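For clarity, chains are labelled A, B and C in written order, and residue numbers in each chain start from 1.
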Amino acid sequence: MDYDLRNDAYDGPILEIDKLSISFFTRLREIPAVMDFSAKIMPGEALGIVGESGCGKSTVALGVMQDLGVNGRIVGGSIKFKGRDLNTMTQEELRDIRGSQIAMIYQEPMASLNPAMRIGKQLMEVPMIHEGVSEKDAYDRALEVVTDVKLPDPARILNSFPHQLSGGQQQRIVIAMALMSKPSLLILDEPTTALDVTVEAAVVDLVKDLGKKYGTSMLFISHNLGLVLETCDRICVMYSGEAVERGSIEDVFDEMQHPYTQALFRSIPLPGADKNARPLVAIPGNFPLPHERPSGCNFGPRCDYFEAGRCDVGNIAMRPIPGNDRHESRCLRFEEIDWNAPIDVGPQTAKPEPGRVVLKMDNLKKYYEVAASALFGGKNKKVVKANETLSFEAREAETLAIVGESGCGKSTFAKVLMGLETATDGQILLDNQNIESTPIEARDTKTVADVQMVFQNPFDTLNPSMTVGRQIIRALEIFKIGNTDDDRRNRMLELLDLVKLPRAFADRMPRQLSGGQKQRVGIARAFAGGARIVVADEPVSALDVSVQAAVTDLLMEIQRNEKTTLLFISHDLSIVRYLSDRVMVMYLGHVVELGTTEQVFSPPYHPYTEALLSAVPIADTSVKKKHIVLDGDIPSAMNPPSGCPFQTRCHWKDRAGKSLCETQVPPMRILDGGHQVKCHLSDEDLANMEPVIEMPATAAE
Amino acid sequence: MDTLTWTGSLGSILVPAITITAAVFVAAVIVQLIMGVFAADVKLQANPDGTLQGRGGLLGRLETYTGWLFMLLVGLIAAFIVLAWFMPYGEAGILGEISRRFLPTWIALIVTFIVSITFKRKLGLYGKLFDSTIGMIGFALVMFWVFTSIFVGMFDMIGTHDPLQQISGLKNKLPGVAVPEGQDEGFYPHYLLGGDNLARDIFTRMVHGSVIVMIIAPLATIFAFMVGITLGLPAGYYGGKLDTVLSFLANLILAFPVILLFYLLVTPEIVATGLPNFLAAFLFVFPLVFFGVLINSRYKTQGSKNTLYLAVVLIPLAVLYLSVISEANSPLNIWPNALDLITIPGGILVVFVSVVFVNSPTVFRIVRGLALDIKTRDYVAAAQTRGEGPWYIMLWEILPNARGPLIVDFCLRIGYTTILLGTLGFFGLGLPPESPDWGSTINEGRKLLLIYVHPALPPAIALLSLVLGLNLLADGLREESLKD
Amino acid sequence: MGLFILRRLGVMILTALCLTFIVFWLTNLYPNLEKLAKTQGNFRMSDEQVETYLGNRGYTQALPVKYGQWLGVLPGYVIEGTDGETRARCAAGRAPTEDTATFCGILQGEWGQSTVFKDEVGSIVSTRLGLTGKLMFWVMMVMVPGALIIGVLAGMREGSRTDRSLSTVSIVSTATPEYVSGVILIAVFATPLFGMQYFKGTATSAMDDANFNNFFLPVITIALYGMGYIARMTRASMTEVMTAQYIRTARLKGVSFPNIVMKHALRNALIAPFTVIMLQFPWLLNGVVIVETLFNYKGFGWTLVQAASNNDIELLLGVSVVSVFVVLVTQLISDIGYVFLNPRIRIS
């Protein structure tokens, strides 16, 4: 049998999952995680599984690996790998297949590598176990594969420990490890979620190339529709433990036949969406908990096409869609729904006129002094330039987006603005008053209440041991709002209304709330003192796609009504394009580009902005993108490159003059309409830049 | 009166039954352990009816049988305890009589368990404790001694004699010995666990010992927590120089061999210098600081309410504090004796102070570590950005979220404090020599250990059961708090 | 790395100075000195006589001065007493001669005289330390492998019956302080009470000739208490490692379970227990004192008790210096070992 598995002549499906059901057992109940899931992967094919967190997509992957932990069980169905049922295999047989025939890559590259083992040893282990090759051969193989994943200096890398590599390099090593035995099936579980966008683009590119080179089939699990579009041939959309629609990428993206798929596409900001003219359509309601699923269609309660008495009874099966190849949908009404009906566009709003300047930064600098090595101490202090000459102004009722990847200094900037740190140099003017060197303790209540923040991680933003109401009331107390406890309680309830949460939530503990609800409480808390400037630090990046739209719209709505200045920090260019009026792009502490959304998203670009735009996956088959992949990783802020911060990865460096870029920080140049770019490129070069994203004529109108 | 046998008339049936069951149980556990190491990782299957298939084969059956054996053992012991209540005096032997003496404790225990298990879903972490066998056993052991000390200390119930009374002729007599004729009417007729080398009743001394332990150990642990929290939070939150200095001091105390510290600190000469009083004055001020800051940071924004709450809490605490630290005959006499509510004997005070002193640095380190971790959370940043003071953040944002590990450590630390108290007693330090606390009685008993075993064993087993209970309780709490 | 060790050494010396100073201060408090005068001189001395007695022997000098002399960084006193005799610290309390040294503190190797044993403190400490060393060697031999094996076995499959049983065993052993387990072990194995009189209840004979019969009980008594603690630490660290993602990576690479435990988990899991074992030393010293007293084994711990209960100041100081030193050295070893075991920290 084993011989059969290695037989290259096998030409049936590599993986065939049939009516798979997986449950987790707790003390109280059985929790079904995956129900009636079927899929088929042919040799060389890549299948993407898309869904929100908790939909069971990772459980499918672990089910294939037969590694469900102590509580998880396969309760029905079969998983056939090259025709053999994995469910009935013994531990020994499974061990033989794992690593050699099926390999898996998952989210946290650092956690996936053994910290106390040299990389070489971890790689060499794979062929040594499965093929019994000698250490020498295994080493040669490792060297070869590490070269394949485009890592510099493979011999040195093989001899190092995981912590000595950057995140992107670690993920390449994990990929190399998966490819060591040339598996027939590669399972990737959110392989790039922990990486920066530009690094992600490079890794995705690599996976695609290697998949072709080694002829590996892939099971690609992601929450990002755009990423699946770029990597996969076929797609399967999951919702609450069930596959709701599957088919080829083109069929599902362009002729979707399930209300959930449609709602999902309408809730993500694609190019062309606009907060005023074409707002996103959020999916109403919440994701059902696994033990509180409705009867009938799981999506029923949130579906626009719901029909009582029909959609909420019995089990609903997958049905093929006539005319399309292997395109199926789990909807009773897909024939009846007019899928081409125009989107029911929400209330359109006029773009508010930006008012006077409320916040002005002028040459702001923030340097940190750190000991060269934290553990061993020493005298040689290093200066980290977290923010370098930051200048911009923000007006009333305006949304300024601050875009950049890790280490670009956007969080430091927020800290300085909030007063948690003081500036090294330069000034911050709030209503023409200098606040750059006033720490938060020294600020008066009004100033503190005026500048507030919405945090990134919804699970961390609320104190877990205080009720929701109490936390908002505390903010009111500290901002000296309301005279009595009753006043404050009323105001708190009004704030809950403002963020569209039921008043009953006031007495709930944060753990009883979903991520999106917590984020709403965080917004209510920020607006408790009537904030005029709100810094939103990636407020929706940790939320699920369908919730993102609702929270974003809420933020926009409050902003419009309260005329708040919103500083929206994000790495996600899609959402930035959707909601911001002006955009500031940062790289390693420098502002590299600043302008209106229109100016930044169309040429001329700063080379970094150009690469960033190209790296963001877009879930639209009609959009054409220029392909730019940056080399290497983002340099460490501790050890920035000389000259232009971007020169180590810039594709345009040869045009502008290598030596110039390597020695001198470019000046901030002001182009037409106040568009600012920090680059050495000549006006001519800038003017000749091509747009990165080309939209079809219909969508661009 | 005759000498009592160990088990009386029940013994002939129940004792062999219990012994055999226990032996088989132990053997089964050991076999199971050995098999467990070599057994393969079982691939579990779910049955169509939703149940899970357990481990099959020989090992699986063995596991089931071991479970039954354990239940049988518990049942037999419970039967013995309960039967003894209803038998005439002397019939149930020494163990039966002891079980009868503990009747109030049993009733209290049973009531506590019935009430707690009935309402366990509404009782938060405490209720969840009753989902874990380990936790329940630990809780039962701890509560057994808590109730015993309450009944002994407040109602003088369980003990049979006076802990200091000597009856001539009973020196080093074996358990079950009858008290000679000629005593008062209603006098308890036996020394249940025999007499010690001063002819005192060992059983009575053991139950009276629990009172001392139950007062000092939790109280000293609370004080150690106050000190550790009040210093650990700012050390972790601010970091920097403050952290360096405080951590250095904590490490200094931790590097000091505990036993040496006790020998240096807990001597009559040191008590005479008043050093313990000064140390007490320093250590006992922490609860005042703690509660003062706690209230002030929370209600600072509401002036009048703040003053009221502060006064209500701090004034009684301050009076208590001054009463405790100021003693008439010590160098630290700063509070009029007429208002001195509490007088703690020098010996006890020095024991108390040194135990707090030794425990605080460890608590400090734990709290500091937790504060370092929690201060990076966004809700702390949110509090900072709305201009909260540092103490509000430390006490109201960080501390409540560190409570899980702290509660677990609190249980463990009471156990550790009990051990420390025993150590002090074992070396005859601090507590007066006639004190019935467990450490001192073990110390007295061990001197003639090779000739007379019975005086040293009961306090040793009592101390073991209490500390074991606390450890099991902590383990159960940790396990339950980690779940969901 | 060198700098790191230097810094640690600096902190260690500072700690040692602070600790010895505290001990010195506590032993030299006036009531202690008064007791010393009365036991050495005569019990019926008046307060004034005590004063002059102490004054003549340099005890009434300022505390830092005395400490400096004891340490050997200040010249030893030479006092012409009120009774006409001249006493010098460096001449053992007699009149100084030509070849009397100026400095005589512990730095010069002068540890003073024990009043109880009437002997050089230095020689007492070294012999006693040797005896305790023998005891500790066997304790370590029993405790460390035992604890690590229990911890690893329990931690490799969290929640299994093996885990539960072994964890309960280790909880019981941590809950049994030496004076309890010692008493119970003696009662069971050294008295005829239970018919299992296999061992001797005293270890006095083991000082010259240690054998299984007379040495087993003291060794196992100390080992039991520490064993549970180390085993629980090992288990905690092992369970944490076993749920780490890289263990899953290894499993999904097809590594067999024994190899996962041996090659992937063990090294990572042993980092934490290593430091714990080293930091156990202050605790072990406790156990040593209790067990040596209980079993009448006249080692270092027994000496500590004798010195402390008889107010033998010089001996007590000597014992303190040694124990503080031992504790600090183990802490240093633990720090350095941690850095070596954990590759994540070992960066130049």
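FYI, contacts are C-beta pairs under 8 Å (C-beta built on N, C-alpha and C of every residue); 3 or more make two chains touch, one makes a residue touch a chain.
Small disclaimer: the values here were computed from a predicted structure and weren't measured.
Asker: Could you find the two chains linked by the most C-beta contact pairs?
Answerer: By contact count, the leading interface is B-C.
Asker: Whose C-alpha centre lies nearest the centre of all protein C-alpha atoms?
Answerer: B
Asker: Measuring centre to centre with CA averages, how many angstrom lie between chain B and chain C?
Answerer: 26
Asker: Hey, how far is the Cα centre of chain A from the one of chain C, in Å?
Answerer: The computed centroid separation for chain A versus chain C comes out at 55 Å.
Asker: Between chain A and chain B, what is the separation of their C-alpha centroids in Å?
Answerer: Distance between chain centres: 50 Å.
Asker: Which chain B residues sit where two or more other chains touch them?
Answerer: In chain B, the residues touching two or more other chains are 41.
Asker: In their complex, what parts of chain C are in touch with chain B?
Answerer: My answer: residues 11, 14-15, 18-19, 22-23, 26-27, 29-32, 34-35, 153, 157, 160-162, 165-168, 171-172, 174-177, 179-180, 182-184, 186-187, 190-191, 193, 201-202, 257, 282-283, 285-286, 289-290, 293-294, 301, 304-305, 308-309, 316, 319-320, 323-324, 327-328, 331.
Asker: In the complex of these two chains, what residues of chain B are touching chain A?
Answerer: Result: residues 40-41, 43-46, 50, 52, 131, 301-302, 377-379, 381-389, 396-397, 400-401, 403 of chain B touch chain A.
Asker: Quick one: which bits of chain A touch chain C in the complex? Just the residue numbers, please.
Answerer: 65, 67, 70, 95-100, 103-104, 106, 108, 111-117, 125-126, 129-130, 161, 163-164, 174, 177, 373, 375-378
Asker: For the complex, which residues does chain B have touching chain C?
Answerer: So the residues of chain B touching chain C come out as 29, 32-33, 36-37, 41, 63, 134, 248, 251-252, 254-260, 263-265, 267-270, 272-273, 275, 415, 419, 422-423, 426-427, 439, 442-443, 445-446, 449-450, 453, 456-457, 460-461, 463-464, 467-468, 470-472, 475.
Asker: Name, in rising order, each residue of chain C that touches chain A in their complex.
Answerer: 1, 3-4, 7, 159, 244-246, 248-256, 263-264, 267-268, 339, 342-345, 347
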